[in-house]
Amino acid sequence: AVGACSSGSKSGSGSGDKIGWSVAYFDHPVYQLMMKGAKEEAAKLGVEVIFADGKNDPAVQTQQLNNFLAQKLDGIILTPAVSDPMIPAIKKVNQAKVPFAVVDRRMETKGSGIKWDFLVSWDMVKSGTVGGEQIVKALNGKGKIAVVEGTAGAGSTVDRGGAFYKVIAANPGIEVVYKADGNFTRSGGQQVTEAILQRFPKGQLDAIYYMADEMLFGGIQAIKNAGRRDDLKIVSCDGDKNALDMLRKGEIDYDGIFFPQDEGVIGTRLMTQLLKGEKPDFANQEHEGRKAALEEHEGMVWVKPDFFGVDPSNMNDPQFVGW
Amino acid sequence: MVASSTPQPLLRMEGITKSYGNVQVLHGVDLEVGRGEVLGLLGENGAGKSTLLNVLNGVIGREGGSVLIDGQPVEFAGPKQAQEAGLAFIHQELSVLPYLSVAENIFIGRLPRRKGMPWLVDWASCYRRAGEILERLGVRIDPRTMVGRLGTAEQELVEIAKALSMNARIITMDEPTASLTEAEIERLFTLMRQLKADGVSVLYVSHRLDEVGEICDRATILRDGKIVTTVDAKTTGSHALATMMVGRELSELFPKTEHERGPETLRVSDLSTPKLKNVSLTAHRGEILGLAGLVGSGRTELARAIFGADPITSGEIFVEGEKVTIDSPGAAIRHGIGLVPEDRKHQGAVLSMSNAQNISLACMSKVSRLGQLNRGAERQEARRLIQDLQVYPPRAEQETGRLSGGNQQKVVLAKWLFAGSKILIVDEPTRGVDVGARAAIHGLINDLAGQGATIIMISSDLPEVMGMSDRILVMHEGRVAGELARKDFSEEAIVMYASGLEPTTSGPEPAVAGLEPTREGSNA
Amino acid sequence: MSTLLAQNPGRQREAKASRTRRLPIQGQQLALVVLIALLAAVFTTQSPEFLSVASIENLLRSASMFGIVGLGLTIVVISTGSIGGIDLSVGSMMALGGAIGAGLLGTAFGAANPVQLPAALSMLIALVVTAALGALSGLLISLLKLAPFAVTLGMMSVARGLTYLVIAWAIGSSNTAGVTFSDPLFDVFGLGMVGPIPTITVLFLVLAALIAFVLKATTFGRSLFVLGGNAENARLAGINVRRTIIIVFALSGLLAGLGGLILTGRLSSASPLAATGYELEVIMVAVIGGTSLAGGRGSILGTVLAAILVSEIDTGLDMMNVDSFYQYLVKGTILVVAVVLDKAYQARSSRKLVQQSA
Amino acid sequence: MSSTAQLDRQVVEAPKRGLARLNIQLENIASGIVLVLLVIVLGAVSPAFLSFSNFLDIARVVAITGIIAVGMTLVIITGGIDLSVGSTVGLVGAVTASLVAGSVSDNALVSGVKLPVPLAVLVGLAVGALIGLINGLIITRTKIEPFMATLGTMIFVKGLLYLYTGGYPITFDPMPHGYAFLGQGAMFGVPTPVVFFAVAVAVLWWLSRRMSVGRAIYAIGGNPEAARLSGLKVDRTKVFVYTLLGLLAGLAGIILTSRQASADTVIGTGFELIAISGVVIGGTSLTGGRGSVIGSLIGVFIVGVIQNALNLFGASTQIQYVVTGLVLLLAISLDGIARRRRRT
């Protein structure tokens, strides 16, 4: 059995419940989509979700969680920009015994004893592993690569990076010559890529791995401007339609896809079930036919939507058009 | 030449040299001040007077020479050390802090401290002592007033109070009277005589040569950074002093030349602002119209209102018979009006720009086409004016901020000559200007009038305003209190009008004051 | 003649009138109090929970953190405004202070740092370092007569870089995620309460009172106003300008470091990106409080009130569930309006004084 | 006056003549020397640094913030500052991108109207100029400090940007050639952004040094009251420089969205400080009245060269921060020393 709820659910008042959701930041397509999914599901279920823009600052998110508590909202969901700094704020949420969930970027308890009722986060580890394998395949097991990482300290960066570097380490022919923080943003991706291209002229670099499509979008422009597309393999991750279009046009070599709205929908659905006093059906979550796995993370529930690698063999599959 | 009054002078400076960059300003200056002596230090603008005083007071360093007090050589690392050695310094430029109280300004850097807790300010004693000093000066200003709310003259008095509060043995005063009225000057002199009696020595810089005879014992004359001579101040006349300063014979001071008074060029009728009450006046071609009055009587206010620098609440202005709307200085300039403001540092010149750039500033269109400056023509015009006005050093490309005060004033005048103003308002045009330059400025004003310009001259210097003007309007509390034709000029008449009295009667005018929002000028 | 002039009737009147009445709280601060109350009323009607204990605690915590840093900035601007005094490095200094405080801790998770110190000592070192860097800014500004804006802009970058380095060193890898730890002393900053009031709020108010006292009552404090009015005057008055500038920037660094420790305590974690952009927030607090960027004028009480006001706006808008995108519009507008009102108040009060004295 | 004095004068004037004719200011020399030294040292360490293509690379990188920096120079010379340019870059970039055919966004608010590229660019520039105009009006009408006024608009315009884009990026499918040319094209082998930058420098230099409006800009910064009493239109000139800067920031935003082939909400963030750094390193005084467009050109290149070198040597982010900060401190220190020497 998976971990129990940390809080007694409220009397099954049902509809009209209010859920506060602090999102790492609003201005990112992944989160826009996630919020869209959540809103639609909330409307269906008759609950209200209040989103707060975390502005990529844990201090702001801390403030927001506290405000949710002060507002006596029925449930709280957190998509942390970075994990560890949120521990004290979550402690308070736990003390107040408000139903609480983490969505998208996972947390670690670091022995602090904090609890969440469930975590909905797609398979970041798999995305890193697939990315690593794609790089190995693209380079035939030999070459120099640069990595444009996501926001340092974000659960997604830690997990995806960890898995990715594990695959690379198992392939001694591949050397990581450079890695830098692109902060999951377009301009970050472009800046880091520009630096990479200046640092490694033609012939000294064979591939770049982007930890997210947003950063790829910035980076690809720098690569095109420098006329370097032909001597570099490019691998990315996320499943943005634009990125998959680029893959189909041969402008990049590999990508992968997950579905952000699934996280929004499932997160809202489970929280609502919790608030209604129903026993949430963690094991059977799906959205638009995509099933989410049920696992355990630090002894608590982890509902895990899937991730799929995309390459020329499956890129024309209708389910991988991209979002 | 007169020898030092005492065998062992209190202060002695020997062979002082000082350069700015590679321009030597002081060439080995020797100077002595006896105990209880008031020594006048005279010289043209740029002669190096302020520089010498700055060196003495540790404000700037020197290259060579020594300073001795009581025969002992002293070396000041900064102004604080000079203060501790018993020197006090009243600067040429006002240096009060507007957001602080009068008392705090007086005790700046030396606030009274609590006994036993020396890091705490003893405010009670601060206000009390400031009050006492102001009392001594005969000024009624609340020591708690923010200095920013005082007028220029009162601020100058605060500076003087500051110097007095130091109980110094040697006080150096760099043109302390430049913005004071006669009454205030008189009060200051009384005080200086008292200090003298107490054995305090004063080093006194002024361009008002008649004052020198009145208050100084001896006068040392500085020219081009060298001592020319030291003379007995009581017996040497102003004219002789002036000649020594300039190094050549001067023509008569205030060389009033008679011009034909032409048709009316400017008419102001019922002009009012928050500070002016229904002022009317006319001025004519070729006329010099003097504006006299106490400090704070509204003369500057009137000048600024006519020039469009401050908004007016009502009234009309006619230029050459035509009603004009002047809502900005630009509009005034288009109608041929120019203004030489009283505060040249803050209002007159852009100190970071070159002389040529300052000169062309009010009328750049004259040397530009379609907004493009013709810098050759600009420089050439500037050079001509610099020559005419004897600006020193005579360089068009020189940064104006590096000229002496008097020379800066000439540059401001040159600006209006360049702009070809037909009606020129000059506000205290010779404040802080030496005799040589003063004569040049007077000559220039006369020439301009001779060429048909209209001059409105504001001056607190009665001899000047009486010497130069064809007609004088006297202001009192924002109104024109009286008008005097040249034949009726007398100091008494001006002073009576200025005080709100009728020269012919003895009783004071019914008090209208109290209804108007006036900043009270200085005490008198 | 001179006696005649001496009897100008205006003088006596002024002597009587210019005894300015002194309220304990002056007009502009009064306006801030009114605004704080007014907004509280508006927020409460829209969202009754706004006046709850939890929400007020939340508000006070953020106000105290920005306010403590704002106190340092207020001193900097009052005393060096005439030479363009400002400190843009406070955000980075907060991050650095937090990074050192957390990085040297024995309790940091996964800490690979060779030294592991007790919290009190690591905090002390953090404050010493940020104060020293502040002093370095002050030294450059005073020694070479450089613009504070430019110097602290450089320092902003240097301190941010050092933050990265400290954290990388502390966790023994170039993965600059941050340092997470658990420490009772830091918890006092993050969670501590004195009765119903957060400990850091008490700290803030004590510091504010102390600084206000120093500014009003000590010779050093007065010399700051002199310096801020006009640096040349200060020199002429024998004030050690260089030392004073160094001290105020050191103080600003120190208080920013303290603010950083508070932030770190709240998050139980220090990150290289912490407090990014906070310098503008802090400057906003000082200026809304009535400190003039031109120097020589400012008030600690104003800064305290402004810190509360700004946090109130943030909290209130959040609790009213105003979309974050609209919050920018509201905040930008309030900032401009507050400064315009201050300006208008200044103009009106000086006019009033002239009228009074008539 | 006396003959010695005349002698002195010749001594002072003689060496000045040569430099004066070239119109070189001492302030420029300090930063110019820093730049030359940097190039020499870096060239010696890494020959790759001295290649023409690397130079173009640097120019391309600095061009965008450089365009803002030269506009900022004029604002700073009037004694002002503008913190809102970063937000303007973002908003204009988004508005222009959204108006160009082929642009797509998931946000409903984003305009469905599509215009030909030149027209879209004009609208974008007008938006930039409008923001600048509003800054200028707030500053001149309310007399509040430019720092605070533009801090307010910085936050406000950021809000507009979020509202307009809804937080979604705007992308192109495909980007019209005309628009791509603005950020990615080249003229005679020189990248278009660099050409824009060069033109901006030339125009603003001419305007500030050769035109009466430029003289007014310096006069206003040097002594606003004297400028007003000389009949200069102080407020109008200020409004003009802020508007010009808004327009240039808009241009930078347009170029950037073309280069990045998309607009998002973070682009332009922090540009204000980068541009101001360049201006300050170039020797322009933040108190107004002194400085030059050419100085800022040198200033932004110093920053660009350092960044480029750090990249070439593979310095990590943390080191980049430290070095960039130190170089800024060093450059302004040298400038400070040069100015002090000149004064005494």
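All chains are identified by letter, namely A, B, C and D, in their written order; residue positions are counted from 1 within each chain.
Please note the rule applied: a contact is a pair of C-beta atoms (placed from the backbone, for glycine too) under 8 Å apart; a residue touches a chain by one contact, two chains touch by 3 or more.
Heads up on the chains, UniProt names are B = Ribose transport system ATP-binding protein; C = Monosaccharide ABC transporter membrane protein, CUT2 family; D = Ribose ABC transporter membrane protein.
What you see is a predicted model; the values in this text were computed from it and never measured.
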Exercise. Does B-D or A-D have the larger number of C-beta pairs in contact?
Worked result: B-D
For this session: With centres defined as the mean of C-alpha atoms, identify the chain lying farthest from chain C.
Result: B
Exercise. Roughly how far is chain B from chain D, going centre to centre by Cα mean, in whole Å?
Worked result: 43
Exercise. Using mean CA coordinates as chain centres, what's the chain A-chain C distance in Å?
Worked result: 37
Exercise. Where the CA atoms of chain A average out and where those of chain B average out, how many Å apart are those spots?
Worked result: 73
Problem set entry | Multi-chain contact residues (two or more partners), chain C | 176, 272, 324-325
Exercise. Which positions in chain D touch two or more other chains at once?
Worked result: 162, 166-167, 316-317
Exercise. When you check chain A against every other chain, which residues touch at least two of them?
Worked result: 26, 181
Exercise. Among the chains present, which pairs are found to touch?
Worked result: A-C, A-D, B-C, B-D, C-D
Problem set entry | Complex contact set, residues of chain A against chain C | 26, 50, 52-53, 55, 57-59, 62-64, 66-67, 69-72, 82, 84-89, 110-112, 152-153, 157-158, 161, 181
Seminar exercise, completed: Within their complex, chain D touches chain A through residues 48, 54, 57, 60-61, 106, 162, 165-169, 171, 173, 184, 259-262, 264-267, 269, 308, 311-314, 316-317
For this session: In the complex, go through chain B and note every residue touching chain C.
Result: 59, 78-81, 83, 89, 91, 95-100, 104, 108-111, 113, 118-121, 123, 138, 140-142, 144-146, 148-149, 181-183, 186-187, 294, 477, 491-492, 495-496, 498-501, 508, 511, 513-514, 516-521, 523-524
Exercise. What does chain D use to touch chain B in their complex?
Worked result: 1-2, 4-5, 8-9, 11-13, 16, 20, 210-213, 215-216, 218-219, 221-223, 225-233, 289-290, 342-344
Problem set entry | Interface residues, chain C side, partner chain A - complex | 47, 49-50, 52, 54-55, 57-58, 61-62, 109, 175-178, 180, 182, 187, 190-191, 263, 266-269, 271-276, 314-315, 318-319, 321, 324-325
